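In the two assemblies presented below, chain A is common to both, partnered first by chain B and then by chain C.
Now for the complex of A and B:
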């Protein structure tokens, strides 16, 4: 078989994380010769998904430092019931990328216009819950739209009017700069209380919608308003009662794989377990010389490196715990809106200071994405929790506290932790630490696509992510039983 | 009359080593074409749709090719999602391709959904003089994995329909498998089939 170095490549892409895979998709209908490699043996990079055995074999590359302090715990209690114990390795698809995708995100439009959405199955992110630490009840469902607010007995009429006033403003904040620009660097909380007289518990609810990982004091107006607006305007786009979706079988990991297949269908060559060890820009020949870890050297016009950490000071670190629970936690998934699809994900928010620990104070909020077995990530009768908070010396006990408080407050007596995987994750330019898909990734992809496409991209003869259906249909049917 | 869209769809995958004849078999079956040159047939083929009736009942076959991702064994888990059947192809004139089949069975068995039907095919039956794997060996390997077996030639058309008809027959006998592949009530349609999204709006 011919070797990789026999081909004059147009583009070599290193890494199959979500951003790099979307680039492969974007280039999949060009005539470019594309070599797509990943030093990992699996697809997805920082957005991969694993079976239990793959987690055991996961030794995050310490040189890039994206993942650190990986800590695994398994329940070894002997129980009789099936759902009460860990199933076989492949019954799980634990994802490093459980980001929700708002229905307003351009990603969905691009997955549709590039036609790969047919290989994906999207599921609704249903209820959002907020934990108040005092109760009862400990968990309160966030109102899902205006009618829900009107019906809410827990909000007095004055607060309701203030809230409605704010909601009306925020979905149109761009056209009303006079109402917020002067306060753009202020904290959202102060803004909500001084400008809209919202009481503290409503401030927490509004803040929760931003999915901010920061303390309330550092969650500022100009950052928060577009996110709140996105949340509210996304509800109802694809059906009643939800504003975000996730792809079945591991979220971003599944998109990355489907995008890479599109790259392969377009003629791209895929090699895993093979990284780039050295890349030399040979300016005279306008080509790159790329040395691969399998010993081969290839030449290419364009080279897309595996991206490094985001620039120093802005680069954040988050802590995450993935947990398998021996219960469906069905109370979190009750259908609250008529006609809405069965939700596969619920979001539980623990605002700053709502978790009480002896050894630590919880300065930053904790978010737990609860994935039902409908996501294909665990067997029926169980669910997977994805807990995230900003990194600190005490983030592990804080995440543990969030998980146990969550389980307790659902009052599901059969619920126990069966498995937890803790890790710290450094933010990366192509893998931002955001609990919702960040559309800036698409801007990066389009930038890289333009560069690789040269004049074809610029003169409009090729449109970004706009592809015809590949024709799989053929006229003759096969209509009888014997051959 | 039922439109094609509403027919029950069966997803069937082709796997096996590079050069085994997967694409040639698929294209012979679907388009009744055969290209003797080493073709780039794989490129651009995402899937093929074909209507097949068994016992008078029509099904829509969604046949997926490997898109070359078998070359370095980089087929993704997502390729196997929801597949009702997997056709494993080796080349009877190439011992190595037969020797690789254990690993392909293993990959299919770990990734396909429980109960998915496997089917082993020895291809290039026309190359009698160059045969390196006997039909007996093929049969034994198939039995070991509890699946059916046949030999085909995409070139001469011999037996080309057999693996597809047989695998569909086996799949439709198992109602649990049939329903396992279908999408559940919770699926959100983001595509608005045929309208809106993507077609125009670049906003």
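Now for the complex of A and C:
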């Protein structure tokens, strides 16, 4: 059998996280020789998905690595009396990346034009809720447009009008720079209050739509407006009542798998459990010399390194908890729009200051993505909750408080926690954790693709992520001739 | 140009030589089909075969109403009668036996009609027990017609002839079938029209049709009872749905249901007053949830509600037992509400319009001339109206003149 060093590689990619997997997909129809390695024994990197056993075996390098302080808890109550208890390991697919994909994102179009969409099943993200510490009710629907605002009896008439004026502005904000550019570095809160006379509780609502992990004071106008606009204009694009989707069976992990599969079908070579230990740029020969952890050394024209974790001032930490709950939490999934599909994901926002703990103040918002069993991530009758907040010394108790408040507010008497996995994730400021897929990832991939493709990419003979159907590969093809 | 969001495709486009030739072929085919149908109908060949020929043509051109009439005739004097002919029926209200209409036809035709009837009877299993004819086959024919219509209606949702024919078929069901069976068909119509209104919630045919279906379902003949509560609820649902606030049809329907609704609820004066207040709250909330370029529908409904207070003699009223003083108090309150609404909506012409209208209405109700303050206000509002809606300057001129006269 040939050893890897026998081949003159065109591209060596280290890491099968989402971005690098998309690059493999983009290169899958070229005649470039691609070597794609990952030091993990699994695909997906920082966006991987695990069964329960795989979580048990997950020992990320806690001292310097991306993932730290991993803490696992399982419900050890006398489960024989309970009907709904933790099921077998493979009944669960817990993802490290529960990102939602807005319908306006370019990713979906590219998954279609690259023909891999058939291997993915997308589900609706509907039902956005905001937690109101004072209550009742503890959970309120986030208004997504004029109809929701009209229906909401908790908003008085003047506020309704101000909110409508803001909505009308934000969906077309690019064409009205005179109304916001002067304030682009201001906090969104101040902007909403001074320019649109929105009271604090409406500011919370608008801020919640940005999915900002920062405190309200640090969420700035320039960053927030496009996100709010994207949220509002995405609704209804693929059907009534929802504006975002996630892929079934593990979100980003599933896309990474499918993309790598496409890379392999295209001739790429995949080696798991093998990382890059050293990379030397040999300028004279226009080649890289890559040393692999299996002892081999390979040469390649282009090298795409692992998107490692940064340290120091370039980084920030995010805390996450994945939890399994013994209930369908059905009250969260009730649709309010006529004709809308059943959503598989509901989003619950805990604005800063709404959770009250003895030992801590909640300065940053907490987001909980609730995944029903329709996502394929857990057995029927249970849900997976993905809670995220910025790291602080007390982020774990804050996440715990969010989870228990959420469960209490759904008034599902049979709901209890069966399993929680807590961890902190270090990340580079330039590509921060985003609960919604950031299209800038696609821009990065395209740039890297152009570099690897050289002249072919530049002269238009190959188009980025635009492929023909492969003949005979798709088992659904009845008729090879009709394309 | 699109009408309330439904795009209208261009009907003429540039065509190549080949396309023109293909089109000529299609035109010829169509003309031949048309001739064939005309001939057969003239010969009174009221058969299944001819029915299918008409189907072919009508799918292409549902506006050809003569063919729809031919189809009606075909059913009444042909297929419907044959089905009932083989039963021991006595009640045939509108259909006549083939012999009457085909009295001038040749024997050949009657025999073909009879042979077709034989074909039909051989497939029947139900014994001729009902005195309303072979419900089995007539029902099949009627259902077949409804199914035939459906895809054409999706394609041509505004074609009058389709709606007319559909209603005619359902009337046939009323006349020829058991009331319970007919009722079932009408119930399905309600669901159907519900779906069509979700697709295009402002299709006026759809709303008109809904009214007719509901009237049928409420009728005594079909053992019905009043549906005013559920219909009122339906308008609430539509108004709160997508773009519901600007759905004139929904608001209009709502306004028409209110008098019957309140009567049926046996509402006393207090309940009626509460109802009025609630409706006003609803519409005012709708107006606040609007922004430039303001929707007119909400204002029409506001106008309707106000008229029940100011101009109720001979018109719909919600609070029939209010005294003159009650009305004056209410209108004065509304003027304050409108003034409030103006603050922040100085670009909304409807507010100024309403302020002037109801200030003058108030004067009329109190049978007095406008006070100097009121006159000044109206004049300044009128000035704003001129600025905001200069296309209607003629109207504002008139208004100015009538103001000055007082």
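Here is the rule we use: the second predicted complex is superposed on the first by the 456 of 483 C-alpha atoms of A that agree within 3 Å, B and C clash if a C-alpha of one lies under 4 Å from a C-alpha of the other, contacts with A are read in each partner's own complex, and residues count from 1 in each chain.
The rule we apply is simple: contacts are C-beta pairs under 8 Å (C-beta built on N, C-alpha and C of every residue); 3 or more make two chains touch, one makes a residue touch a chain.
Small disclaimer: the values here were computed from a predicted structure and weren't measured.
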Looking at A:393 after the superposition, I want to know if it touches chain B, chain C, both of them or none. Which is it: first, second, both, neither? neither
So which one touches more of the residues on chain A, chain B or chain C? B
Quick check on the superposed pair: does A:146 touch chain B, chain C, both, or neither? Answer first, second, both or neither. second
Quick check on the superposed pair: does A:240 touch chain B, chain C, both, or neither? Answer first, second, both or neither. second
For a test of understanding, state which residues of chain A touch chain B in their complex under the given definition. 1, 43, 49, 90, 93, 103, 108-114, 117-119, 121-124, 238-239, 242, 245, 249, 254, 257-258, 260-262, 264-267, 269-272, 341-344, 374, 466, 470, 472-474, 476-483
Looking at the complex, which residues from chain B come into contact with chain A? 18, 30-32, 40, 43-55, 58, 62, 67-69, 71-72, 74, 76-79, 81, 110-111, 159, 161-162, 164-165, 183-192, 197-199, 201
Mind pulling up the chain C residues that touch chain A in the complex? 198, 237, 240-245, 284-286, 288-292, 344-345
If we count contacts the way the header does, which residues on chain A are in touch with chain C in the complex? 146-147, 149-151, 157-158, 160-161, 164-165, 168, 236, 240, 337-339
